[in-house]
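What follows is a pair of complexes built around subunit A, which joins subunit B in one and subunit C in the other.
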Partner chain A sequence: MTQPVLSVRDLSVTFRTREGPAKVVDRISYDLGPGETLAIVGESGSGKSVSSLALMQLLPTPPAVVEGEAIFEGRNLLTLDEPEMQKIRGNRIAMIFQDPMTSLNPVRTIGHQLMEPIELHLGLTGRAARERAIELLHLVGIPSAEERIDDYPHQFSGGMRQRVVIAMGISCEPDILIADEATTALDVTTQAKIIDEIKGLQERLGMSLIWITHDLGVVAGVADRVVVLYAGHIMEEADVDDLFRVRRNPYTRGLLASLPVPGRTSRRLEAIPGLPPDPLRPPRGCPFSPRCPYVADVCVREEPALREPVPGHRSKCHFDPEDLHA
Partner chain B sequence: MPEPLVSVEGLKVHFPVRSSGILRRHVADVKAVDGVDLTVYRGETLGLVGESGCGKSTTGLAILRLIEATAGRIEFDGIDVRSLSKRDLRRLRRRMAMIFQDPMASLDPRMSIGDIVAEPLVVHGLAGDRAGRRRRVGELLELVGLNPDHRNRYPHEFSGGQRQRVGIARALATEPDFIVCDEPIAALDVSIQAQVMNLLQDLQDELGLTYLFIAHDLAAVQHFSDRIAVMYLGRIVETASREELYASPKHPYTQALLSAVPIPDPEVERNRRRILLEGDVPSPIDPPSGCNFRTRCPYAFERCPVEDPALEGAEGHLVACHLYDELGVRVRG
Partner chain C sequence: MTEPAAETTVGVVAHRSRLRTTAETVLRNRLAVFGLVILVLLVLVALAAPLIAPYTINQVDVANRLQGPSSQHWFGTDELGRDVFSRVIIASRVSLQVGFVSVGIALGLGVPVGLIAGYYGGRIDSILMRLMDILFSIPAIVLAIAILAALGPDIVNAMIAIGVVYTPIFARITRGSVLTLRDAVFVQAARSIGASDLRIIGNHVFPNVIAPIIVQTSLSLAFAILAEAALSFLGLGVQPPNPAWGRMLSEGRAFFQRAPWMAIFPGLAIFATVFAFNALGDGLRDALDPQQRSIIESRGRS
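Moving on to the complex of A and B:
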């Protein structure tokens, strides 16, 4: 593999709460290659958003305690001071969020908001900044951008607002774009267009993408590699085809089996019984053991390592897939 | 031939838009539902699918008369729902119920789950005295997979999936025939969605329930429904059995919608052709003339802005589109 753009090593996030420490991200490690799309998939509470917020130093510390390393251009993002971080955030690594209405300022025109990172990071001013902003709006597919640049966020539809947020995200041509459930609030037809748009921009700008989502359908469409998170742990990491085909890990298996697939006619879904664990009271051994259909004695005794039995395919399970028997 | 339990004809729900001045003049209408025809047969699940703002939830609320329709006819088991007096409507409501998207918003946080489930029993004077109600609440909680000993707990003490079970138990309290499920799984995690869908299916088999299942998630609708109605900008554009709708969608909007649903299979995703629609959904205040999908339709022709297509076809596959004749046969390329 070529030199990764970002290397995350043993990243942990613990929240100090009144009821004790809650470890919501537990020693996760992954690499992001240049131009690669890495999907981080998991359910609510799996740590997928928190781990990315930690990378960007966007978590309030305290109550959060962040440990580990995230190496970007030879420097650890987690230990940079705020002025250094500001040079990277929004400029070299940008992030877009689920709800465009909370990422946009309702009392400022979108032009104003779009020009802010351009002026701050690229040093463009006045007319040049405005022209660049219009160019960006064109790029993300907003019609008659020259007029719409002076509109306020409420004058845009949900899909158009999300395009504005994407334009802000890519305004400085970042090396890495982190999309945190960026299309989740959109209708499927709009989602299809936005995904198309982001993938096209990625090709043109050569960005690496971290795509955080709970939607395995979206993962199948956008990702090169996938990290599956559960209760703060990486349960599986693989190339997208291997992940969906081999289903090495019982949690990934359960997740895929519980999805309704259009065109498939079986009447019953295979639900995963039970609930994800409470981070204040994590189970002993494997984090998935209380819900795992293949659970054995060793699973509740010992936490399995994230093994790599096949190069490039890691799974946190004591067993190989052929040895899993319910 | 199955008999219809609910039939809706020409349903319209318009919300007045008033001027902001002191006169509050009536200046326009938001045509949230603008001429919906649908039939739900006894014992089946009709899926109602569409994107945000298409009027699917408003349709569900209007059928139960939780909001008043502007025009049209709603029949429930042969009874004309819109002409009922308040008293008669209340009596009829015992036979219909609703499950909402967000159980945290639809459950009173200050009531114990036992009291929440008992409330419809009290309102309708069912299940006898306190002891009888207590017994019935225990049965209902058990039916939806909750521990009856937890009846004194409050909604915040439960997870999202468990709270949705409480909402389902409340809906079942009066032994309804018909339940409108409005995005019942949209707020839940993937692994929990399957649990709730399986529960709803088991309850249907056990109690012979009829569902109107409203959702934006076409994969879930397709899994859950016997027949599916697709809605766009206040109208039904296509109705078919779930197999038909998946295998041979007719309306250009249905085709675009199906092509946009992400499929959890990388190989399928790589090889599929998406139909990307131009522009945004028009405003329901001033919908396009004729066929209201024509502004985004790749096949629109002279007839579309002039004439409103009727929802028609054969063998239960109905489509509202000028590309098809009255029997649903494609007559234009």
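Moving on to the complex of A and C:
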């Protein structure tokens, strides 16, 4: 791979709670290449959102404690001071949040909000900023942008609002766009359109994308590489085709087995039994061991390493997939 | 702002600014309109008072002392033969001035305190709000009297005193609203585009807390004018020979049996003003912030 845009190494996030420390992200490492789309998948509470908020220094510290490093342009994002970080946020690394209904300020026009990053980072003001904002609205496919720029968020539908949020995200042509469940709150057809929109913009602007989602269907459609998170650990990392072809990790298998397959109506969906571990009381050994159908003594005894049996395909398991055909 | 009739792809959405919607709701409320009319009249009278007043405020005419209302003296005369009508309308200037300036002080101090306390939370919040609690725990008039005792009885000091007394109300209302916004997604989104705290507070938090502040402003104006009347009644506000409603009330007390008009008319003026601000405040509250009703009412203080 060419020089990565972002290198995350041993990123950990611990929340200090009344009942003790809760480690919700546990030493995760990954690289993001230029123009690459990396999907981070996992269940609710797997640490996928928290890990990306940590990259942007958007977690309240305390109670959060962030360790490790995230190298972007030779600098560690996790140790930059606030003014430096403000120059990066929205400018070099932008973020799109899940719910378009709440990620816009209800009492300000979308024009105002769209012009904010433009004014902050591009130094444009007044007419120029407004024109850039209109241009962006066109770019994300909002019809009659000249008029709609003075509307308030409540005058837009959910899909249209998410387009506005995307326009804000790409306004300064960032190197990295983090889409945190960016399409989850939308209906399926709108979701498809928004995904196309983002992918198109990605090609146009040559940005890298971190796509956080729990929806494996979306992952198959958008991602180049996939990181599967479970209880704050990377369980598996692979190119997207590899992952869907050979699932090396029992957790990923469970995750995929719980998806409906079109045309196979007779099959019951297989839920993974049990619940994700309580981050205050993580299990000994492998984090997935209490729920794993292939669990062996070694799994409970010691934590497996994230091994790389095939180049570019990492799996956190004591066993190889061939051994797991139980 | 221009008002394009927005035909959108989503359907026809009436393009109405929030200001206009609010104004329409208020104007549908008869009591609020009545209050607004009284206030407009009052402000006009106060501005034009020197032109309207048939006599000067200290035009002594002992021969005509303690006369009842007549065509020469609409509100009668006082114990020195001064025209009560002239004095009442001249005094409206000082009452409104004290009201606006002192509430301005309370807004200027209380809103920033509330914004900072609510936004940053933690220790800053605890310190600021405990200070506000201390101010809040002292009865308003007693605190104002104490401040005036320290600074000396004077109209400017009265404004400062009343302003300080009403600061905690604004701080609390602002903080309460900010708390619900601090973790709002759009605040985090603003942070994610690189906005500084100051910018987030100014552009995103403050515009969302204006509604309850406006409502409280109107209601506080009523309280402030009452407070000024009370202080002047006690001789701590406006100093003689300048007229103030509260002072006229207290002077009229001695003559209440023989010349009730001396106290009745300034009393009516206070009543009308306070009533008008309250009526308008209620109307604004219904328009801007229906769910705030119970909260503000439970915070009311004497």
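The rule we apply is simple: the second predicted complex is superposed on the first by the 322 of 326 C-alpha atoms of A that agree within 3 Å, B and C clash if a C-alpha of one lies under 4 Å from a C-alpha of the other, contacts with A are read in each partner's own complex, and residues count from 1 in each chain.
Simple rule for what comes next: contacts are C-beta pairs under 8 Å (C-beta built on N, C-alpha and C of every residue); 3 or more make two chains touch, one makes a residue touch a chain.
As the structure is a prediction and not an experimental result, all values here were calculated from the model.
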item	value
Three-chain arrangement built on subunit A, subunit B and subunit C clash or fit	fit
Which superposed partner A:M160 touches (first subunit B, second subunit C, both, neither)	both
Apex subunit A: angle to the C-alpha centres of subunit B and subunit C, given in degrees as a multiple of 10	80
First, second, both or neither for A:F15, with subunit B first and subunit C second	neither
Touching partner for A:F319 - first (subunit B), second (subunit C), both, neither	neither
Subunit B versus subunit C as contact partner of A:Y30, first or second or both or neither	neither
First (subunit B), second (subunit C), both or neither touched by A:N105	second
Partner chain in contact with A:F72 - subunit B first, subunit C second, else both or neither	neither
Partner chain(s) touched by A:Y294 [first = subunit B, second = subunit C, both, neither]	neither
Which of subunit B and subunit C A:L216 touches, first, second, both or neither	first
CA minimum distance (subunit B, subunit C), superposed complexes, angstrom	6
Subunit C-contacting residues of subunit A that also contact subunit B	157, 160
Residues of subunit A touching subunit B in the complex	43-44, 157-160, 187-193, 196, 214-221, 223, 240-241, 244, 254-256, 258-265, 267-273, 275-276
Complex contacts: residues of subunit A adjacent to subunit C	56, 58, 85-91, 94-95, 97-99, 102-108, 112, 116-117, 120-121, 143-144, 147-148, 150-152, 155-157, 160, 165, 168
Complex contacts: residues of subunit B adjacent to subunit A	51-52, 159, 161, 189-195, 197-198, 201, 216, 218-220, 222-224, 243, 246-247, 256-269, 274, 276-277, 280-281
Complex contact set, residues of subunit C against subunit A	1-2, 4, 6, 8-10, 13, 15, 18, 184-186, 188-196, 199, 203-204, 207-208, 210
